[in-house]
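Next come two complexes built around chain A: one with chain B, the other with chain C.
Right after this comes the complex of A and B.
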C-alpha cells in the first residue's frame, strides 16, 4: 500500500490532503477496488467468504434459473461500461438492486462472474480484491432482495429502496474494509458522496421494475 | 476431473496475479545524450511519482534512482552502450522493468535524429505486454465487451447443459 494512503489509526479524520486524495481515488474506481489498496488479510478473508457465498448461493440453482442468472451476469458486466457525468466526474451503473430483485438469493454467482470478467478484460478492479468486490456488491444485491420480498410497502417504494441499498450496502462494507486496512475515519464521511449515486441507481431500478412489470411480469418474484 | 479443473483455475490466478490491475506500458525516446522513458497505464493515465532505479549494463548496483514526474517521464544519461535496466515501482502494487538498448551510435548525436521514438523498444514492450495476462490490452472496447459477454453466456450455457442433463437423469431414475 502506498505510504501516503496509509494513516495513523489515532489520527481520526486525517488531514485534508488525505481526504482529497482518497476522494478522487475512490470516485475514479467507483467501488471496484484495485489490488494493493486493501490489506491482504482482509482480501483473503473476504475472498474465502465470497467463494463460500457463491457456492451456497448457486449450489441449488434450478435449470430454469440458470439462463436468468447468465443474462443478469451479462447485464452486470456491461453496466459498468455505461458512464454518465456526476458531480464533476463520471460514474457508472451498478444494477445490484435490480439483480437482487430478479435473482434473489441466486445473486452472488452472477455478481462474481461479472466482476471476474471485468477484472480480466477491462482491469476494472483487481483479482486479489475480487473477493472483496464480490462480497460488497453481492451483499448489495442481497439487501435489494431482502427489501423486495417484504410485502409491507408499495412495489415502487420497494424498488427505489432496493436500488438505493444496492449501492449503499457495498459502500458501507467498503468503508469497513478500508478502516480494517488502516485508513483514517475520514473515509466514512467521504463515502457520503455515494448517496448521490445511490439515488440515481434507485431511480433506474424503479424504471427497470416498472418496465419488467409491464413487459414480462413473470421475471419479478 | 473436478480437481484438475480447480488446479487449472488456481494456476491461472497465480499466473495472472502479478499482472492484475493496470499494466504499465513504456515509451522510450532517445535524445542524445539523454534517454527519456515515459511510463503510463493508458495514454491519459501516466505513472506519476513512481520510484525508478536505473542499472548500467552488467551491473547490480544502481546507476541512478529517482521519481517519475507528473507526466510519467524519467530521463537518464547513459555513459556506455549496452542494455540498461529500467525498474519502476509506484508503491501501490504496480511494478515493472524494461531493458533499454543503447547502441554505440547513440553517442554520436548526428547519427540519430533527436526525439525519435525507439521503435525496437516499443515493439519489445508490446511483445512483453502481450505475453502477460492482460491479454486484451490494445483491443478495442467493443470487442472486449463482446468477448466478455461471449464468455459469460458460454459458461452459462455449459452450466445449463450440465444441470439439464442432471435433471433428466434424476427424472429417469425416479420413473
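Right after this comes the complex of A and C.
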C-alpha cells in the first residue's frame, strides 16, 4: 500500500458494495476456518487455549458422562451435514447451545472431537486451525451452559438465549481472530449478519429443549 | 452397513498407502504447519511446494478427479477468505486503482496457495488410510485419552445415528408419505429430536454393555503398527526438504531476481 493513500480514508460504512460482499463472505466462510487463512501465531495461541480448555473441561469426567459426550459429538457432526437455505446461500445447524445445555462444562471435548472429524473427513476447517475452530465453537457451547444455569429466568427464555449465544459468541471470537490476522474492519459486520442465523438456531434450541423436557427430562440439568 | 464414503480410496496400493498411519499423520501435520507459516504475500516458495504436493498426490494414485472434487467443495471458503483480504484493505484505506493494492492481492494469492496446499495434504492423509486407523494412530501418538475415547465412540455413533435416521424415515414415510415440505416442519423437528433421544439411549446401552465386558478406555485392534527405517526415511527427507525451502526461499529469491 502506497503511504500517500493511507491518509485518504473512506469511512462509508453504508456502502452497498461493502454490505453485499461482506454478507456473501460471512455466510460462506462462517465457522470453518481452513488452514492458511488466518495468521499462524493466532492459530498457535488459540490452539494452546483450546487444548487447555479441553483438559479442564474433560478433567474428572465420570463413566456415565462419556457416552453422552460421544453421542453429542456425533450429533454435532451429523448436524453439520444438514444444510438449509438462508438468504440465497446455505448454512448448517450448529447445535452449540443445546450441546452446552446437555453437557454443561463438559462441552469442549466433544466439540473438539466433532471438529477433528469434520476436518479429517470433509476438510471443513484445517488441522492447524483446529484449535481456533474449537475455541470459537466450544466457547459458544460454554456460553449456552452459563445462560442455562442461571435459574432466575424462564426456561424457554434461557433456551432461546443459549441457542442465540451459541452462534453469536463464535462469530465474535472469529471476528477478533480475523482482525488479529490483518483483515480490515469490515469483519465486525459478522455480528449484525449472523443475528439471523442466531435467531434460527435459538428457535431450534427452544424446540429441542421443549421436546427433551417432554420425552426425556433427565437429560436437562 | 456400507460406509465407504469416509475412506473411499484407502484400499489402493501405493507407497503412501503403505506408510504407517502415525508417520503419515505427523508428516502431513509438519508439512501443513511449515507451508502455512510462510509469510503473508510470499509466492515464490510455492513454486517448490506445489510440485512437491502434486508428486505426493501422483505417487498416492488417488484420482485427481476425486481430489479436485473435494477441493471444489471447500473452495468457496478459501476463495472468499482470500478475496476478503484486499477488499477489506480497500474499504479501510479508500478506493483507488487496483494497482495500488498489488501487495494486498499478493497476500490474497498466497492465502489461496497455502490453503490449497494444506487442503490437498489433508485429503491425501484421509484418503490413503482407513479412518479408524487414523484415529488409532492418533491414540498411539498419545492423543489425550478422553479425546481418543470420545473420537472412537463418535466414529461408531455416527453409524448408529445413521441407522436411526433410516428407521425413523421409514416410520415417517409410512405415516405421512410424500415429498419433503416446509409445512411439515414440526414433523421433521420431532423426527430430528427423536433420532437424537433414541440414539442417545442406544449409545448408553451400548456403552454399558462395553463396560460389562471389561472396556477400560482402550479399543483393542488386530492391526499391529510396526515402524521400519524406510517408513521414516522418505517422510523425514520430505519434511527436511520443505523445511529447507521454507528457510532458504527468501535467499534463493534474492539471488535469482536481485
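Everything below uses one rule, namely that the second predicted complex is superposed on the first by the 194 of 221 C-alpha atoms of A that agree within 3 Å, B and C clash if a C-alpha of one lies under 4 Å from a C-alpha of the other, contacts with A are read in each partner's own complex, and residues count from 1 in each chain.
By our rule, contacts are C-beta pairs under 8 Å (C-beta built on N, C-alpha and C of every residue); 3 or more make two chains touch, one makes a residue touch a chain.
Owing to the predicted nature of the structure, the values given are computational and were not obtained by experimental measurement.
Asker: What does the overlay on chain A give for chain B and chain C, a clash or a fit?
Answerer: With chain A aligned, chain B runs into chain C, so clash.
Asker: Once the structures are superposed on A, label A:74 by its partner contacts, choosing first (chain B), second (chain C), both or neither.
Answerer: both
Asker: Tell me which partner A:128 touches in the superposition: chain B (first), chain C (second), both or neither.
Answerer: Touch status of A:128: both partners.
Asker: More residues of chain A in touch with chain C or with chain B?
Answerer: C
Asker: Name the contact category of A:66: first (chain B only), second (chain C only), both, or neither.
Answerer: After superposing on A, A:66 lies in contact with both chain B and chain C.
Asker: Of the partners chain B and chain C, which touch A:217 in the superposed model: first, second, both, neither?
Answerer: neither
Asker: Quick check for you: in the superposed arrangement, does A:117 touch first (chain B), second (chain C), both or neither?
Answerer: Touch status of A:117: both partners.
Asker: Pick one for A:54: touches chain B only (first), chain C only (second), both, or neither.
Answerer: second
Asker: Classify the contacts of A:35 with the two partner chains as first (chain B alone), second (chain C alone), both, or neither.
Answerer: both
Asker: Which region of chain B runs into chain C, 6-14, 60-68 or 78-86, after the two models are superposed?
Answerer: In the superposition, chain C collides with chain B along 6-14.
Asker: Where on chain A do the contacts with chain B and the contacts with chain C coincide?
Answerer: Touching chain B and chain C on chain A: residues 1-2, 5, 34-37, 61, 63, 66-67, 69-71, 73-74, 77-78, 113-114, 117, 119-123, 126-128.
Asker: Which positions of chain A touch chain B when the two form their complex?
Answerer: Residues 1-3, 5, 34-37, 61-63, 66-67, 69-71, 73-74, 77-78, 81, 113-114, 117-123, 126-128 of chain A touch chain B in their complex.
Asker: Per the contact definition, I'd like the list of chain B residues that touch chain A in the complex.
Answerer: 13, 16-17, 20-23, 90-94, 133-134, 136, 141, 144-145, 147-149, 151-153, 155-157, 159-160, 163-164, 167
Asker: Report the residues of chain C in contact with chain A in the complex, numbered from low to high.
Answerer: 6, 28-29, 32-33, 35-37, 40, 70, 73-74, 76-78, 80-85, 87-96, 100-101, 103-104, 107, 111, 113-115, 117-119, 122-123, 125-126, 131, 134, 144, 146-147, 149-151, 153-155, 157-158, 160-162, 189-190, 193-194, 196-197, 199-201, 203-204, 206-207, 211
Asker: How about chain A: which of its residues touch chain C in the complex?
Answerer: 1-2, 5-6, 8-10, 15, 18, 21, 24-25, 28-29, 32-37, 39-40, 43, 54-55, 58, 61, 63, 66-71, 73-75, 77-78, 109-110, 112-114, 116-117, 119-124, 126-128, 182-187, 204, 207-208, 211-212, 215-216, 219
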